[in-house]
Amino acid sequence: MMNGYRAYLPILPVAATYALLLGIGVVSPDHWQLIAQLAFYCALGQAFNLFMGMTGYVDFGYVAFLGIGTYGMAVSIYTLSDKGLGIGVVLIGLVLAAIFSLGLSLAVGAVALRLRGAYFAIATIGVNEGFRYLLEGARIWNGADGIIFSRHLRQGVGRQTAMALSTWWADILVFGVAFLAAVLTLVYMRNKVGYALLALREDEDAAKVMGINVTRYKIIAFITSAILAGLLGASAWALKLTYVYPSDVFAIHYTVEAIIIVLLGGAGTLLGPIFGALTYGAAKYFLAIVLPGFQLLIFAPVIIAIIVLFPDGTVGLLKKRLRDTPLGKFII
Amino acid sequence: MKTNRLSIGLLILTALLCGFPSLLPAAALKRIVIGHPEALSGQYAKAGEQAIGGIQAAVEWVNTVHGGVRIEGRQIPLDYKFYDCESRKESVTSLLERLITSDKVHFTMAPYSSGLTLAGAPVTEKYGMIYLNHGGASDKIFEQGFEYIVQTIGPGSQYHAGTLEMIRHLDPKAKRLALAYEDSEFARSVMDGAEAKAKQLGFQIVFKRTYPQAVADLTPLLSDLKASNPEIVLGGGHFQDGQLLNKQLADLKINVKLLSLIAAATLPAFGNALGPLAEGVMGPSHWEYGVTFSPEAAQKNELPWIGPEQDEFVNLFKKATGQELIPDYHAAEAAAAVLALVAAVEKAGSVDSDLVRKAFGELEFMSFYGTWKIDATGKQVGHDMVDVQWQQGERKIVWPLATKTADVVYPKPRFK
Amino acid sequence: MPLLKVRNVTKCFGGLVAVNNISLEIRHGETLALVGPNGAGKTTLFNLLNGVFPADEGQIIFEDVDVTHFPAYRRAHLGIGRTFQIPRPFNSATVRENIAIGGMFGAAGSEIDVDRAMAMADHYIEVMGLSPHRDKPAGGLTPIEKKLVEIARALAMKPRLLLMDEAMAGMNPKDIDKMVAFLKEIRETEGIAIVAMVEHIMRAVSGLAERVLVMHQGAKLVDEPTREALSDPRVIEVYLGKPPEADHAHG
Amino acid sequence: MIFEQLSGNLLQGVILGGVYGMATMGLSLIFGVLKVVNVGHGAFIMVGAYVALTLFQTFGVAPPLAVPAAMVIGMALGMVFYYSAIRKLLKGPELASLLATFSCGVILEEVCKQLFTSEARGYNWELGKLDLGFTVLPHAKLLAFGGSALIGILLYLWFHKTRAGMAMRCVVESDEGARVCGIDVDWEYALSFSIGIGLTVVSGVLLTMFIPVGINPYMGGSYTLKAFVIAVLGGLASPYGAFFGGLVFGLIENGSYTLFAQIPGLEPFAMTRFFSFAMLLVILLLRPTGLLKAK
């Protein structure tokens, strides 16, 4: 490329932030779970942004991909732990999570991506709820009973390893998903995919006239984002918590959190979701400690104020301001 | 790099705020602290508030009446620290770890519900710390091989054992049993337990169906139930669905000899909401105001007695919550978990979780909550439930006969 | 062998016939002015030609390929470019990015990577005199500047047929002359056939087009060389006689 | 037997569906005029339930008489939320208005939690029952159905017979057109948002006549989801379409239960929900204008 490495400079602040988070976690293991929670929000925001931020389509049923990814890991550990595969069950779990979320995203994409705007948002809510009730109604994967597989994990890999998987490696995987999502976002932005998405986000009909196969690019972004969500569910919800209930993993509230994170930082930016995730995660954590029971009462009006006052999000605003400064090339 | 500087600043602030307490040198044991990520908002808020009130009442009793936890001839005050986990799984892990590492608590308590209890288990297991389960009734928790979970609430499979025995006692001919319950792991474990017990006692299951969580209308399910012509209906799951089930049975004039609803029917809100429709409805409860456990009863059973007597507990609870409120079983079982902990710590003579866990295994006692004993997996096996029935707008204990405060009305009054 | 062949194309909306049985041919490198009063069906015809929506009846053949059922993006790949009556640049993208997007996905798109597209964009920025605005978001430009960006974006697509919807509306005579000169030059150097939709600006028609196609109420009224068309009584009647029905049709 | 049960269920379904339909009109009105999906819809239903509960328990006001109070409270809430948040987000991306309406719902939920605690409450207002043999219909339910139908008719008349209603219909058809005709579009937005919220709060009152128990701050969520399905059945942008959508929804939900119950191994109740969401997708794909409208 003409610009070569310079085009990829904005990955540096991302890498630095994650390295710093990891560093704090390693130096002060006491706060590992907090760091892990922040990493979860970063990954959630980055993965959600990859589709929503870049295309402008609001997938209100996004959590379904996390949910089905969680099941991918759960099913693998639950059914294969006595096959002597050792740590292999986790790898198979990740693969299953990716396959499941890929499958679901193809099915959803084929249906819902034909719709636009509010219709798309409502359709995706329908997918999430419908899928959950299909699991419960047809008793797929134990239905509403869910899968509790703590014992299976321990039997499969041994007590010490199981503990390390749940309290350390699951979180490292979350960091991995977050970083992968950021890298993919930047790669997309710097390639044709990104320009196609930019065009269709601004004006889908004009984009078609420019020769852009909008369906193709929407599905690329949708699938990428869904697989990342599936991997996130497999690590942050399955491997870490070692149980899954459908009512828990298909809860629409997580989609809302993803939206808040992306909006706080700035939709369609690279650094926005990270900034949004850190602010949101830290604020939530401290409010739970300082004012238990009042978090939502404080959050909701603040969120309204932020979307009214900073519609571009914080990073979106910075990006505009810093466009012509030397810092501009880092902030996208 | 403005964003980055901001986020770095934020992180440093985070680190400072959390990190300071942990930099202080470990002092001699001045207090024993219980840490608790409890649900104060979200779907389990009501049970969470009750639990916190109950725990605060028990802690108050330990410090003022009992004089602190007695270890090595010293009396050490008990402290309780809780955060709001918003009924959400991902908050449980980070708050638990904060309690363990930053707040340096000595013991932890699980939040209400089986799911949230499970969510925290990997963290407490990692730190090898006692994790008192006051509100996770699923039997499956104890099939996972966790080493530090200690249950005070009874396992779900036992909820309706007493109820069914009572029916056999009163009406040997009753046969047709219907189960209509929420599709959740908890309600399923209750109803599977009930089904097994019922078959053992010679009942015939004529109807067994679930309804999804957050249901708004049960009419189709209940018409289906009506067609099976049951004599007994066991059902429920949480709070509002139990109210709905009762109301819509009345709407459809489905009259049965006995209706027992888990969770919902044992709460004051049930009678307030339904008024006369609640008359005669029963529910299995872990504890009910009016149970007759006393130091004398303990002596008779050759068990040690620990903790306040019932009225004392109720007064402490009212003081802790600042409300004129009779505690329900969520408060009682959480308080009993604290009493069990104190007993175990005193027995072990240490706050080391491994020693205390061993002491728990050998512990058997009675409190206002009843008897307490766990098996090797940490599951509660010593506590018997009671059955309550709504009579003239009040809950009366009707079973077991030894603790009853009123005679059972059977068959229940018909809906008008 | 014409560049574009349209046979008996019809499009209805509900009960309204917006384009009624139109046939036409466009030769390589030719410039055709599509004129007609407001509501004559010109924009609908454009939309049919570049595939914004499909025709109800009829056939469209572009360079021997039957594109009747092709979606818009595939027609763009074959070489049909388009500008809009009200410019529709991608507002949050810079001028450079806007034009580069045309290059990346247009007729030559498959061989053009991002860097080459950017280089192409720089070329057209130069040509269109947009250099001062190169890195500004297109949403902040004046309407005329947006129009120029849009033309540049369409040219970057390397089309063989360019459909220009009211490209010169709102320009002053000097700018129109400049634009006409520019389009003529582009036509020579890049070998593009142009169909320019014009509502009123006869200056542009006479300066640019070799042939005029007049539409009236969805149908083809006149298709003849510019000089004849401008003096054709039917054309004059359409413009000056103000037929009352014209207002009811949608375009 | 099954036939009797099915007819009973279908009748109950129509009655319930009417109330659901009424509970969706506000959502459709707001979408029709402002093109905003009110994701916090259920929270306003919850507010209505508390209005009925409080008036009945504190002042002994019979629930049907709580309707005017609910309308006033709802319209006031609508105005407050419109001018403080929604108005500024109309031109922004979908995302902003979706999140804003969701947050409005959260604010209401949390305020109600502080006011009423999270305990599930209820009230008792017995009017007797109508026993049809194959099913039983309490009079309160019939009254709720009648009330819903009446409100639906009043709304229709208002839209078609009054100047204000016709102005609002113009805005639904085209903002630009309405502006040209001299209609203050911004005011129409505010008005329809506030009427939409008012109707929703009123529907909360009517719903408690149907189900007077289980009232709690978080009860709205499942109604929001139901309302989406119903609104789509009715064409999303049409308030009376929503009413008929409700009827269809009630029939399908209750009717499909009986059918799913015949298949062994299924949980029929959960399957009815699956079915209704599957239907939502199919309709969005095939007939985005709703079941009732031609074209």
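We just call them A, B, C and D in the order they show up, numbering each chain from 1.
One rule holds for everything that comes next: contacts are C-beta pairs under 8 Å (C-beta built on N, C-alpha and C of every residue); 3 or more make two chains touch, one makes a residue touch a chain.
All values reported here derive from a predicted model rather than from experimental measurement.
Put simply, the chain nearest the middle, going by average C-alpha positions, is A.
Counted by C-beta pairs in contact, the busier of A-B and A-C is A-B.
Averaged C-alpha coordinates put the centre of chain A at 35 Å from the centre of chain B. Each chain gets a centre from the mean of its Cα atoms; for chain B and chain C, those two points are 73 Å apart. Separating the centre of chain A from that of chain C, both taken as means of CA atoms, is a distance of 43 Å. Between the Cα centres of chain C and chain D there is a gap of 48 Å.
In chain D, the residues that reach two or more other chains under the touch definition are 110, 221, 267-270, 272-273. Touching of two or more other chains is recorded for residues 133, 136, 143-144, 294, 296 of chain A.
Taken together, the chains touch in the following pairs: A-B, A-C, A-D, B-D. Residues of chain D touching chain B in their complex: 1, 5, 8-9, 12-13, 16, 110, 113, 117-124, 126, 129, 131, 135-136, 138, 141, 210-216, 218-219, 221-223, 226, 253-254, 257-258, 261, 267-270, 272-273. Residues 50-52, 71-74, 76-77, 82, 84, 88, 90-93, 97, 100-102, 104-107, 109, 113-115, 118-119, 135, 153, 157 of chain C touch chain A in their complex.
Interface of chain B with chain A (complex): residues 1-4, 6-8, 10-11, 14-15, 17-19, 22, 40-41, 45, 82-86, 88-91, 93-98, 101-102, 115, 118-119, 121-123, 125-126, 138, 140-141, 143-146, 183-185, 188, 210, 212-213.
Interface of chain B with chain D (complex): residues 41-43, 45-46, 49, 183, 209-212, 214-217, 219-221, 223-224, 227, 239-241, 243-244, 246-248, 251-253, 264, 267, 269, 272-277, 416. Residues 52, 56, 58, 60, 111-112, 114-115, 117-119, 121-123, 125-127, 129-130, 133-134, 136-139, 143-144, 252, 256, 259-260, 262-263, 267, 294, 296-297, 299-301, 303-304, 307-308, 311 of chain A are the ones that touch chain D when the two sit in their complex.
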